[in-house]
Each structure stands twice: as C-alpha cells, then as structure tokens.
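Two complexes come next, and they have one chain in common, subunit A, joined by subunit B in the first and subunit C in the second.
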Partner chain A sequence: MAIVVKRPKLKWWEQLYIPGIISGMRVTLGHFFKIVSGRKKVTMQYPEEKWDESLPEHYRGAPALVKDEQDRERCVACQLCEFICPPRAITIKPEEIPSDDKWAKVEKRPKAFDIDMIRCIYCGLCEEVCPEQAIYLRKDYAITGTSRAEMVHDKKKLYEIGGVRVGLVNKWNELK
Partner chain B sequence: MDWHIIIAASVKIVVFVFLVTLPLVAMSVWAERRVSAAIQDRVGPNRVGPAGLLQAVADGIKFLLKEDFTPDHVRKGYFWLAPALVMVPALMTSAVLPFGSSLFGEKMVIADLDVGPLFVFAVASLSVYGIVLAGWASNSKYPFLGGVRSTSQMISYEISLGLSVVPLIMIYGELNLSSIVQYQAENGWALLPLWGEGLSVKGFLLTIPVLISFIVFMTSMFAETNRLPFDLPECETELVAGYHTEYSSMKFALFFLGEYAAMIIGSGLAVTLFLGGWSLPFGWLTPESADAAVPWWHGLIHIGTFFAKVIALILFFIVIRWTLPRFRYDQLMRLGWVFFFEIALFNVVLTALLMWWLA
Partner chain C sequence: MSEEKSDLIDVQINGEWHSFPKGTRMIEACRQAGVEVPHYCYHPKLTSPGNCRMCLVEMGMPPRPRPGEDPPEPDENGHLPISWIPRPAIACANTIAPNMGINTESAMTEECRKGVMELLLANHPLDCPICDQAGECSLQEFSVEHGKGESRFREQKVKKPKNVDVGPRIRLDDERCIMCSRCIRFTDEIADDPVLGFTDRGSHTVLTVYPGHELANNYSLNTVDICPVGALTSNDFRFQMRVWFMKETKTIDVNCATGANVTVYSREDKIYRITPRQNNDVNSDWMPDSHRLNFHWIESDARLTDPLICDGENHRLATWQEALATSADKLAGLEGGEIAVIASARMTNEELLMTNRLIKHLGAGHVDTVTRMGEADGYLISADRNPNTNGVKLILGLDDPGSQIESIKEGIEQGRIKAVIALQENLVEDADFSAELLGKLDFLLTSYPLANPTADVAHVVLPSAGWAEKSGTMINVTGRLQRLNKVIDGPGLTLEAWEIVRDLIQATGGGNGIYSVTDIFTQLTQEVSEFEGLTWGQIGDLGIPLIETGETIPLLEREKERVARGLIVG
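Now for the complex of A and B:
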C-alpha cells in the first residue's frame, strides 16, 4: 500500500532557512565549546591513557596457556582447541610424557603449542572447549609485531602471558 | 617600468601568496579537522607538533611521497592540466586583495587594479575549467558526473555572486578594492556603519540591501568553492569522490588545496567588500587617504586585522560545513535560479531606489 508522506507546511520564516541554520549552529557550536573547554570528555588518548583498570571481567584478550599450582602444564595436548578454532590459529605438536616423569600418568603434553595471533579472532572457543581448563583468554590486547613470525606466540610466550592458575581441575593431583 | 616596482611586487607576491596564503591553506585544513572533530565530540589530529599544528607538514610529505598514479584510460594532457587549473586561479585572485594599508610607503596589495571585483570574478570562474577537464579527462563515470554537476552549479551561482556585489559597487561608486576599503575605514563598514558618514539614516537604511547582498554572496561563495552544503560535485555518498576520483598523490592534493585556497580568497573578498578589509572598527588608526603613508606599526596592525577577519570567516565556513546537510541537486538549482538570482536582481533595484530617495 502506498503511503503518502505528508510534508510539513513550513512557515515563511522557516522557509528562509536562516533560523534553521542558526539553531543548527547552536547545536554544533554547543558541542564544539563543550569539547574545547574540556567540560565534556569523550575520547581517550590511547597510548598515554589506557582503560586497563576498567576492562570487564569477561574481556576476551589474547589466549594463553596456564600452569597449575604444582607447576604442571595443564594442557594435555588433546588438540580439541586446535580443531575448534575457527580460523585455525592453533597448531599443537603433542608428545608423550616419559614414564619416569613425575606426571607420567597424564601421558601427554604439548611439545610445541603455537597460536598465530594474526589469525586469532579472540572468539574464546578454545577456552570454552578445553577439558582441562588449560587455555584462557587474558586481558592483553596490544599484540603487535614487526613480522609475521613475531606474531606467532609459541609455548614459552603463552605460559609467560598465562602464568599460574589455581583450582578447578584437580584430577591429576597426587592427593587423589 | 622601473626596478623598484618589480622588486616590490615580487616581494609582495612571495610573501603574501607563498608565505602567508599557502600556509594559511594548510592551517585551514588543520582547523577544519580539529573543529569538525570538536563538533563531533572527537579529538582530531593532535600528535604532530604542538596541538597537531604540524599535521599539515606531515600531510604534505605524505602527498609528495605517494605514488603519482595516472590510470591508463585517461586523456593524459588534460588530466595533468586540470589540477593546476583549479589551484592557479584561486591563488591568482589574491593579486587584487588589499591585505593591509601600507607598510614602509608600499601599498599592501600586489596589483592595485581599478577593476578589482571584476578581475576576481573573471579569474576565479576559470577554476571551473579545471573541474570540467578533470571530470572529462578522467574518462570514467563518477568524475564525469561530478564535472557536469560542478559546471552547472558554478554557472548558476556565478550569476548571483556577480549580481550580489552590484549594490555594493553602487554604494561605494568605486571598483578599486583599496579605495573601497579606505571608504569603509572612514565611513563605516558596509555591514556595520557606526561611524563617519555611515552613522546616518541613509547609512542604516542601506544596510538592508547590503545584508541581503551579504547572504547571497556568502551562499554563492559556498557553492563556488564546492563546500558543503553545496558539495555535490564531489559528494562521497553518490559519486565516490566526484571529479577527483581518479587522482592520487600531489594531483589530488592540488584539488584539495585549491578548494581551500578558493575558500580563503573568497573570505578575503567578503571581508574586503562587506567587513571593512584591513580597517579597524570605529575608524581607529585610519590613514588620511588611500595613498597616505602610515607608521609601520599601523601597517602591521592593519595586516593583522585583515587576517584576523579572514580567519574568523574561514571558521564560519568550517562550522557551516559541519552543521548543514547536503542539498539535493534540484533544490540546489532551484535555489540558485529561482531564489538567489531574483533576490540579487531585486536587491540591485532596491539599492538604486534607496539611493535615489536618500540622495
């Protein structure tokens, strides 16, 4: 059904445009002076001012591996995250834990664990899927590098970002 | 012609055009970005130099270093000629603008022509050729449409621009811009006749046509310089970038700077005709006559006054740009031909009647 749009009938002074221009300029100049006088602040001067303190709890930054309270790497190299990762950012090379190792009963650990941060889309699916709570998205967001190789986080770097996380997974603890 | 005149003229050209107007062009680009940012609650370029003032230098270096790409399908000669044709007329018109009274006995105007406004209109309208050539030589549809739009727009508004100045020329009885400014310095600015002969019933009544002229003149100036709300030749939403779509690097920069140069010269002309040029209000520090020598510090103050007024007007241009939405094309044409043309004509008659009645 066609709708006839009613055009408002303008008064003669409205048709002059000049009052319209003046009231428009009142709006823009209002914004201008508020910003210039510093009464209103909207933008953050990024490298000098950061919003790190106000990052929300659920912020999804760079994914990282964590160790548990006994300094064991939590990752058991099940490769679930490698498979679920939508842009295939994760590459894992698993290896067997030698039988004389303290954690031999865990059987498997990653030999190499690379996350290509150019590919990662910070979706958090790796964290979601991990059965061992071994991979977490941290609050680091300024991931930069001057080459592609530099943008690949290897195992060492991932543990460096991740650090230690306690609790939640206890099945490999000696007590049990 | 003796050497003294040539040397004085060259010094004035170099100082006024290359050391003042061109940096002013760069600064107005910076001002445009900062002001628009503040209007939109942003910050704008603030990294290069104090408060981002050197941003223009960085931009210039970037423009120079970028690849100067000429597409295969363009008509090369015209394609290369077009950017210069936009920039040069804009700068050439600055020759007749009196940017100060006099300094060390030298009149602060490059060419003291007796047909100032006519020269400005004659030369400034040449820049439409640059845009037409750019649109045509680019050999692709968006620049072509931009060029066509620009031509019709400039032709339409040229008429009201010219006609809007006629009442002023009738009032001043003079076509020499320096004498016009001198007259305003003694008898009150066209828009502010509060001293000298202007302080009379005649002076006040004549501000009515002058005000109408001013509105028509300014609006036509917006259209002439292709700025919002009349930037149809290059509106991004419809025509990608209009007539300079195919241009890159310094050639694009010439279009870009040509627009700002035209804006500055337009402001200069508006200041000269309507706002008393380099003169201070209330006849302060007014020289005896157009040719009288003034102390050097008066001269400097006059130059400062001129540029202060021009900068204020440029800021006005900028604020208007970020306030008003773009016109539709038929509205633009209607406004030009049906309203401004008639108003300007009527205004000429009104001025004549007023002057005859008050004589």
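Now for the complex of A and C:
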C-alpha cells in the first residue's frame, strides 16, 4: 500500500519564502566570511597534506595478503574470497607446496593471486570470509597506475602491502 | 498382479504408511519415501558392513501379546499399533518387516546422529580450506545438519600419515579418513584388486595399502568418487579447482563402445574433471581411469583452430568460405567412383546422417570407417574402442565397417581413387595409410580436432570440435541410444563435424535447411526406421534401448548376480 505523505500547511508569510531565503543566506555568508577572513579552514592540501593520521580503525582500503610471525604465507588458496567477491576482482591459481619446503605440511598455497583494483569495491567480504585470516583490508586508499595491467595487484604486491600480522590463530604451526 | 501385491509390505515412516517390496533395506525404503537417512559406509553397489553408525534410526514393531493377553486390534487400514524399541537400529543393513515403524525425526535418532558426528569429528583435521572434497563432503553436510556445532574434545588430535602416495593416481590423507571402508570394499568386490585395508586399532586405525603393492588398477579413481570425505583425492584433480566453481554437464564417455555415462565438470570453457554418472544399464556407478583422464588433449596446443589450405609446400590459414570453395572446386571435376569418403565411428548419429547425405550427393563410390579394436577388460571397457560403431552400421549402412579400407588403399595405389574425404579420422596413424600413398591423391580433405600426419599431407584441413564441444546421439555396444551433450565451446573457428559436412554439401551445390542437431535428429527419425517415432527429449539423460545387439557388459552382469544373491541393493 502506498504511503500518503502529509504535507505541512504553510503560513502566509512562509509561502512568501523570503524569511527562509534570508535565514539560509545568513548561514552561507557566515561561512563565507569565516573562510575569507582566515578564521576557518576546510580544504586539505592533498597530496602535500594527507588524512592518514585521522583514518578510523575500521577504514577499508586496499585488500592485501599477510604473513605470520614465522614468515609463512597464511593464504592456502581455498578460493573462498574469489567466490564471495561481488565484482569478481580476485583470481587465484592454487599450487601444491613442494615436499622439500619448510611448510610442506600445509600442502597448498596460491601460485598466483591477483586482485584487479579497478574492479575492487572495498567491501571487505574477502576479509570476512577468509578461514585462514590471510587477507585484510589495509589503509591504502591511493591506488594509482598508468595502465589497466598496472592496476592488477599480483601476489608480490599484495604481500608488500600486507606485510606481517602477528597474534592471529596459528593452527598450522602446531605439531603435525 | 495378486502375486506382486502379496510381496509388498506396509511400513510406517515418520508417521506415514508406505508399501515396499519384501527385502527392501530400511534406508532404501526411506529414500523412496523421500526421507533422507544420513550415511557414510552404505553404498548401494557395495556390501553393507554397517560400521559408520550414522544411519541409526528409531525402529518399532507391533507389540507381541503376553500369554493370555488379547492381540492388538488393527485399525481400519489393517495396520497394527507400533511399540517403539528403545535401542536404535542401522537402516543400511536391516530389511523392512511387515507393520514396521521407522522414525528418523525422533529425539533418539537425532541424539544418535549428534553422537556419531561428534565422535567422527573428534579426530578430523580442520583442513577444509585445503581439502579438495570441501563443498561435496558428506562430513561437512551432515555436521551442518546433525552436528553439535562445537567440539567438547580438548585433547590433542591423533596424528596420522598425511599426503601418502597410495598409487599412481591417488593420494591418501589418513587424518581425514572416517573408516567407512567403502574404498576397501570397492577394490575387493568390484575391482578384484584387494590392496587396501585397515591396520592398528581404535582411534589409531589407519587405511593402508598392502606392503609392496599399490592402488594402481584401472578403476582406482572410483574410490575417490565414493570416498565420503577427502581422504582419497585424485592426483590429476588435486588443487586444480574448488568444486563449487564448476558447472556440471551430463554427457557420455566416447573412449569405447560402452559409452559410460559421465558428468563433466568445467569452468570458463576449461574441463577440470570427469566423474561417472549412475546408469544401471550402462556403467553402474563406475568408469575406468584411462577413460576418465583422457580429456587433457582438448586444451592441447596441437588443436587446429583455423581452416588450412595447402599452397604447394606449406599450409596457410584460410577462411571457412575459402576452404570450402577450394574443396568444391577440386571435387567438381571428379566422378563418383573417383571419390572415397572415410567417416568415423567416433561421429554422432547426426554427423553420420549428414555424411550419408554428402556421400549420396557426391555419389562417392567408396565409403568406410576406421575400426579400433582392443581387448575387452572384462569390466566396463568394450573391445570396440569406437563409441558409435552401431550408429555407423545403421546410418551409413555398412555391414562390416573397416572391410573396405584395404580396397580404398589399392584404389589410391592404382590411381582409380583421386580424392579422399577423411572425416574425423587420422588416416596415417590410425588406419595405416602411408604419407606417400596419400601424396598420390589429387585431393585430400581432412577434418580433425588435432594437428596430425594426415593433415600434413592434406590439401584442405578443417578444424573440428572434440567430443566435449559437440552434441548428438550415439548407440553403445548394447544398442542403447544415448545423448552426447556439449560441455564447452570449441577453440578458434572450429565447427562441429555435422556443420562441416553440411557446409561441404552446400558448397558443392547441395541444399538443405539444417541449422541444429535436433533438426538432423528429426530427419533421422524420418529416414532410419530404427529411430522412428523418437524425440530428442525422450532419450533423456540415461538413454533408451534402441536395437538388440546381444552384447552385455560384464561388470553389470556380475552386479546383477550379486543383487540376486541379496549381497547388494544395486
């Protein structure tokens, strides 16, 4: 059923609109004079000035892969982020970890892990779905490039952004 | 009719009465009534040891009156009241009894399932993210439906061997194994290669291969299919793709005349794996490894993607129009007797019908197909390695395919045959034509999916679709008509063989209004008496018997015998 929106009944002096315009102009001119006289500053001089300091804890920037304290890549290429990613920005090629590797018992790792930053919508579902705590949205927001190919973050770049994250659940590190 | 009636038994399942034939297992009765009983060790094609305990249900029988007590009164439908037994029963190995009651929704049944799940998960590793079975794992499914949702087990999990090589195509992870013993029973009962077994006891039980042996028989990958968890995984498919990404296409195997029903898993025009699909008249639930793994050539670098025309020495890329016009030019001046058409028993019935049109249109005097005979393995592989020899006999009217090949060779040698059209066959490698012999021809046209020595000497080479890239029907060794369904798109400019033949007919002046495989199938039903009255939809996923050939599939015969003995459900 449609909702009937009640319109306010305007007084005769309200229907003139002049008092409304005057009070609006008072606010606008107030700001104008504050800025002109240099009492207030609203523009940040980006990129000389950056807002990195004041980014909130929950800020969602570029997704990145992280390593743990023992320098193990946490991602095991389960491809759940590839599955959940709404704009299909993630492409993963899994591979088996060779038996002579230190972490051979983990068995699986990504051979290639690409995130197309042109497609990424910074929704954070990849971080939420990851069963290995391997992908996090970092605070990087200025993702630039001069070609489409440059805008695809490969595995190396993703670890570069992600770095090391400590204090996570380390189920693979227990005795096996 | 009355005899059949007396064989039916009334059973109450979750409060509703159903009738089933005598001897039906409780689990099958529930399945037929639309009630799922979770299970791990039970498989209808294997014996039921009843060791996983997942299918425990509450069961009841009519009360037995004490001496002197009146027997219970049946209700208006003749059903007696049920007195529920306080001890649960396994549904997989027990058969139904008259007036039995089964309750799969009772508190006791739920408690049993919860308990079994908790014990199975106590030692199960948490490696779903790297496990290939994730997404099609019974343990995952049933723990969501019947599990507790958390573990009370605080101790260290038992460590067992992981990543064990048990055979050339299979990897074993003992920590994931839930001791259902399906693989042991399969290798023993179906594959006759009993190399698997359990060693050690209690929670330290492990699945092992007999020392000095390996799980290497040609049916070993079926154990991967029936493994309810990820304990046995296929080396070929290992870590290739997660199962939830893949599209499943129902089709048939084309590596031999049995035509095993299969499901092909693909994603974005790449095939990742093939698994058998149940058809109790063709391949039961199984298929040979050699056939299952024979799909990697589809994405090989040797695939032909464009039509090629030979300019004296070398081949050059051409358009379809150019290649067909060149072929029509070369064929125009020839008598029918100077043309030989060598078709293939790997073609579908529809492609063969079009080939027959081409033969009639050109008046070709020599027609044959290439035979591929091997040894039958006594299980599922037929001696005839061509999938559609029966189709060739019916549609091309060849009584003895392969018998004309020698006379065609002679004809070329003597110069009587000046042009050969080789459709879907590699004459040099598969029919022993020498390159010199083929060099004597004025015109050789070949269509094939892969580059090959015949194409090297051909004047026109046409790229054709592989088996996964086309649709059609085929007739298997027992005379069953089955559908081959298109799984992926072919690479480059490839066309399905029926399209190639249609275009050839049109280029040489023939005409027809055929635009789809189903069009040809409709014409097949009008032109070939055996197909009369059939429709494309009628064939369905499981096919229909079309002709009598008197041939049987050995593995199916053995299974029928085991069903008759009551060993398996079938």
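What we mean here is this: the second predicted complex is superposed on the first by the 144 of 176 C-alpha atoms of A that agree within 3 Å, B and C clash if a C-alpha of one lies under 4 Å from a C-alpha of the other, contacts with A are read in each partner's own complex, and residues count from 1 in each chain.
One rule holds in what follows: contacts are C-beta pairs under 8 Å (C-beta built on N, C-alpha and C of every residue); 3 or more make two chains touch, one makes a residue touch a chain.
Given the structure is predicted, the values throughout are model-derived calculations rather than measurements.
Of the two partner chains, subunit C is the only one that A:Val106 touches; subunit B does not reach it. In the superposition on chain A, contact is made by A:Gln45 with subunit B only, not with subunit C. Look at A:Lys11: by the touch rule set out above, it reaches neither subunit B nor subunit C. Comparing subunit C and subunit B on the residues of subunit A they touch gives the larger count to C.
In the superposition on chain A, contact of A:Gln79 is made with subunit C only, not with subunit B.
Shared-chain residue A:His31: touches subunit B; no touch with subunit C. In the superposition on chain A, the residues of subunit A contacted by subunit B and by subunit C do not overlap at all. Residues 76-80, 82-83, 94-96, 99, 105-108, 131-132, 171, 175-176 of subunit A are the ones that touch subunit C when the two sit in their complex.
Remark: subunit C residues 126-130, 134, 156, 159, 162-163, 238-240, 242, 244-245 touch subunit A in the complex.
Across the interface of their complex, subunit A is touched by residues 35, 37-43, 215, 319-320, 322-324 of subunit B. The touching residues of subunit A, when paired with subunit B in their complex, are 18, 21, 24-25, 27-29, 31-32, 35-36, 40, 42-43, 45.
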